[in-house]
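In the two assemblies presented below, chain A is common to both, partnered first by chain B and then by chain C.
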Partner chain A sequence: MTARRLVYYAGIAMICAWILVPIWLIAVGAIGGRQGVFLWPKSLWPREFSFAAVELFLRIEGVGKALWNSVLAAALTMVLSVALGAPAGYALARFAFRGQNAYRLLILLTRAFPIAILALPLTVSFIRWGLYDTVFGVALVHTALALPFAALVSSSLFAGIPRELEEAAWVFGCTRLQAFAKIVLPLALPGIAATAIFAFVISWNEVFAASVLTVRERTLTAYLLTVLSESPLHFRFAGGLVLILPSVVFIFAVRRYLFAMWGIANR
Partner chain B sequence: MKLLKAVSAAALLAFATAAPASAQETVFMSTQLRPIEEAQKVREIILRGAPGNPTYVTEQPPQLTVRMRAEAAASRRTVSLVGALHGELQPLLPAGALDDISDVAARLADRGIPANLMELGKLGGTTQAYIPWMQATYIMVANRRALPYLPAGADVNALTYEQLKEWAKNVRERTGQRRLGFPAGPQGLMARFFQGYLYPSFTGSAVSAYRSAEAEAMWVWFKDLWQYVQPNSASYNFMQEPLMADEVWIAFDHVARVLDALRQRPNDFVAFPAPAGPKGRGYMPVVAGLSVAKDAPNRAGAVALIEHLTLPRTQLLTAAEVGFFPVVRADLPADLAPGVRLAAGAIAATQNARDALVSLLPVGLGERGGEFNKVYNDTFQRIVLRNEPARAVLDREAENLRAIMNATQAPCWAPDAPSRGACPVN
Partner chain C sequence: MAGIVIDGIRKSFGAVHALEEVNLAVADGEFVALLGPSGCGKTTLLRIVAGLETRSGGRVTIGTRDVSDLPPRERGLAMVFQNYAVFPHMTVFENIAFGLRMAKADRARIDAQVARAAGLMHIEHLLGRYPGQLSGGQRQRVAVARALAVEPAVLLMDEPLSNLDALLRMEMRAELKAVLREAGTTTIYVTHDQTEAMGLADRIAVMHGGRIEQIAPPMEVYRTPATTFVGGFVGAPPMNFVKTLAADGKVRLGGLELPCPIASGEILLGLRAEDLAPVGADSGFPFAVRVVEPLGAHILLTGETAGQTLRVVLPPEHEPRAGQTVHLAPIAGRWRWMAADSGKAIAT
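The block that comes next holds the complex of A and B.
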């Protein structure tokens, strides 16, 4: 019994270390000073403490605004892709119609073209429509990228909710809409939330469209991440740390919904 | 549901905040000085008190081309001033994205910008397409610990390629490590080493003698050198990092890409010119220029900014802060930071070397400059890294090079002798 326990806890410790040690090493690189990152062998404890790199990173002009733009674009992407993707998913799950399989494939097609090829015509059109250099324009492109995911995931989600529940609601006098709102939606909500989170992440990480379509209204990735790779090493660690921490906190906060997506919490 | 409500509130806000910017500002988009620290110095120090209310935005070179062409096609502009390398501005001219700024050039006549640099700014035409902004070149940097291994009688400031090989060999034999390094990574500037340094030094040419017997011998020599080169070179983009990590002791790179090492540890490193070959000490100056976008939303602001950036005072500030050197007549101050002084010394030693052989940047290739670089990178990879026979590779790649030259009809540039029509690949 104790031997089994030991193995069990050792396993837990190993998995935690697997995640935490790299994050710790990034933190050491970020606060260990300019020279610290080049020391070899690496020490697990920084020789000098200096928050200068992290501070400079946070003080850069426009980081706050870029962060705000990133949040807005990601939130808009989330709303739009769920608003468009969930009905499409419901239709795919509940109705049999001609060309259903072709439609499924067609949805994926938006991801088949590399955005670098579409960049020039897209930018020209966006300028003509007045969407250029706006957060809304960026969100539209990101929605196009997130939509296949939203539609296909929510379709499997709705397919997993028994049709009989809905039919029972009809029998008891619900209209189609009421049945959907009162029966199906509550059951599907955790999964839809997970879809929304993934749309959020897709928008948060996308660089190329966001940087070609904007000049002043840049998202954080377009504003910083591209130049981060060309900056001195300790800045990369500082930037990495600043960008990792919020996402770790975010994932921790929404972990329940993430599991729901793989159908664990639903059963 | 609360989450959804919050999100839709945020969405509404996004519509509200997406308002057009003020008409007064001048958007200054640059492919240079992109790294965070440098961009920050441009905003806080170099552009402090500048006219035209500048907004400094950085951009990767491929995105710059897409954006400028798109703004030209849709004829609605946001960018007024463009700062980029000579080669990056070149494709923008035929795309109709650059304004004629001959009037600005006339106003800056008393700044003392050398005539040959101003001529480059015409991009092969008759009107001024850009005003030279700042210049740099490539240098060598060595850790002081490598100096004891210098071959007997070698002067680090007048090194030859043979001596470099012997030096790297000594280091390897006595420390057991391969410690010569080149920036041959995906973002590294290795192609420029071949075009501006190795080829001119060994063949006196960059294009015409591409597949000559001298070039073949040169590649065989370089392949032999590679056994003393740090194998991680194939992943280095900026040599300052392996230099500071002591992984590499002797390195070649763009001055801006080794400057951080010189700045951080000026007492540990020496900077010196690239070596000389049988035909001279090939070197390639790098020129960045300032262009005004066609139909710029704020042309007056852009012109005022060009005037500010080419003031001798601003140029010296640029050299001291970000390590790009003046294009105007201005003497570097004595109190320069030690790292910058090391770099400036190596550049001066390069320019004033008696056997100096200037290679200009490729002229007239337009948007095919990338393919031109690929020929040299591919040649290097096939001969040196993949052990293919030099003669066969040179013959095959010469066809690609010839196709680019014929398609663009680009005449030869220095050090190749001037040609009528497309530069021949003999």
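The block that comes next holds the complex of A and C.
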């Protein structure tokens, strides 16, 4: 094995460890039984399995509601991001218009703007509009966060579908809308599903906006942030596991399409 | 069935004129090939007829209808695309039936038409497959069958054979010609392959730099090209153009004396490679052979006359060697005069 390959594989191992070690620690803490939490050094495989902590955690007052709020906000974010992002992506992929590249950059720039700066004006405006402390309000902010990805990923999806397919549909009797529905949409569907899941995960993971914009209607992340600091250790691990598991599973499911997005960002 | 009239079609991309005032009338049931090098505007013209490209000026009439401002679906035409554009998520059957379904044809008619179109293209056994399971040649057949199934008044084809290998291309060419002749469909066929245009078309429109240089039946384009461009583009090897000097209404080339249409000055003598025959050393013009390529059916010679490169095709019984000088003379009547400055043919 050459030195170059050695460095290559060592790099891969490090990146994997960077992601996997914390997940493993949380998992061992959450389902490794009460002793597992304090055990040191940790065994690679927990000595006992117990979902008691997780079960107990889920039964805490407020967790169920927060979980439901999280799911609701994430689902709303998903729907809104796809409904707004997919048409934007289609326009970017199919039409040549003035300022197209600037627009593409502008979409990404929304992510460069720190939400902390926006927090106060946003809170004031949300109170004024009656959106403060509502799941819908949180979903709106999360949509703003997820929209750039939704637009760029779907743009690369649509760009990957040959224009001639649409043109053939027009020639053989379709309107623009029909051609989109019959030809483009079915071919883009797996990718759009991935985009939707990604938007879901962004909302699910987001904690800052959700904490600032809610008091009683907390999402799970915002709720855990306030509650867990006062909880026993194995509760925190259980909460962490409940929080990260869905996003890990989702991201794993859509990883292929995330690479497609980087493909377009590098162009 | 319907003819097509292209009337003064223009297309500019900013300051670039892709098409300038193109006029072309295709008769009902006629097969016209748009032939030209890449970038000559032939595909743009076809796409304007299809309604897939906007135009900067002019009108398109199909049958008796001015379709200039209609979307593609209302123009009553079918199209075969260069890269097939077969829908990958539909079976071959669904692909061929697509146009009929959009036209809300009833089930019996769809079944009958799909079976007929698939039969014409010999793909009946593939109807249940998806395009991903087909070869390039089979996909091309599906694309043609899809176009034939709607029984279009007008069929547009954009380099449909250019992605196929040479053997398949020849096979498809012959089949297409037979099928389209049978159907009597008015066809515009875009190609950069002059063999395809010559073999298929009733008339060829040779395009160059956004205009049509000549519209004529294949043999006429070949025998009497309207410009040096047409003579050079159509035919392999291209037509020879020998720069000569006229004096007293005659041109002298070696021992050869030809009457020419201008009294004096420079003029181009257009000679097809196979229209030259060896003659005795006392007549004709000398031709210094540089390269000899025996090609089976004939031999191809490259050499020089009066400092200009010429290509000559001779029957295989002649076997001059490289370095030899032979004397050649054109077959009676088989030459053409072109203006030295404009490259346009001069009538004799």
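The working rule: the second predicted complex is superposed on the first by the 183 of 267 C-alpha atoms of A that agree within 3 Å, B and C clash if a C-alpha of one lies under 4 Å from a C-alpha of the other, contacts with A are read in each partner's own complex, and residues count from 1 in each chain.
Assume a residue touches a chain if its C-beta (ideal position, glycine included) is under 8 Å from a C-beta of that chain, and two chains touch if they have at least 3 such contacts.
Note that the structure is predicted; figures quoted are calculated from it, not measured.
> In the overlay, answer first, second, both or neither for which of chain B and chain C A:Val212 touches.
A:Val212 sits against chain B, while chain C stays out of touch.
> More chain A residues touched by chain B or by chain C?
Looking at chain A, the partner in contact with more of its residues is B.
> Quick one: classify A:Val135 as touching chain B (first), chain C (second), both or neither.
first
> Mind working out whether A:Leu233 is in touch with chain B, chain C, both or neither, as first, second, both or neither?
First partner only.
> Contact-wise, after the overlay, does A:Leu120 reach chain B, chain C, both or neither (first, second, both, neither)?
first
> Under the contact rule defined above, give the chain A residues that sit at the interface with chain B and also at the interface with chain C.
none
> Along chain A, where are the residues that touch chain B in the complex?
Within the complex, chain A touches chain B at residues 34-35, 38, 40, 56-57, 60-61, 71-73, 75-76, 78-79, 116, 119-120, 123-124, 127-128, 132-136, 139, 193, 196, 208, 211-212, 215-218, 224, 226-228, 230-233, 235, 239.
> Quick check on the complex: what are the chain B residues that touch chain A?
Chain B reaches chain A through residues 3-4, 7-8, 10-11, 13-15, 17-18, 21, 27, 29, 34-37, 39-40, 43-44, 55, 57-60, 62-63, 66-67, 69-71, 73-74, 76, 78-79, 187, 237-238, 240-241, 244-246, 260, 264.
> Within their complex, state which residues of chain A touch chain C.
162, 164-165, 167-175, 178, 183, 186-187
> Write out the stretch or stretches of chain C touching chain A in their complex.
Checking each residue of chain C against chain A gives 50-52, 71-73, 77-79, 81-83, 85, 87-89, 98-99, 102-103, 146, 150.
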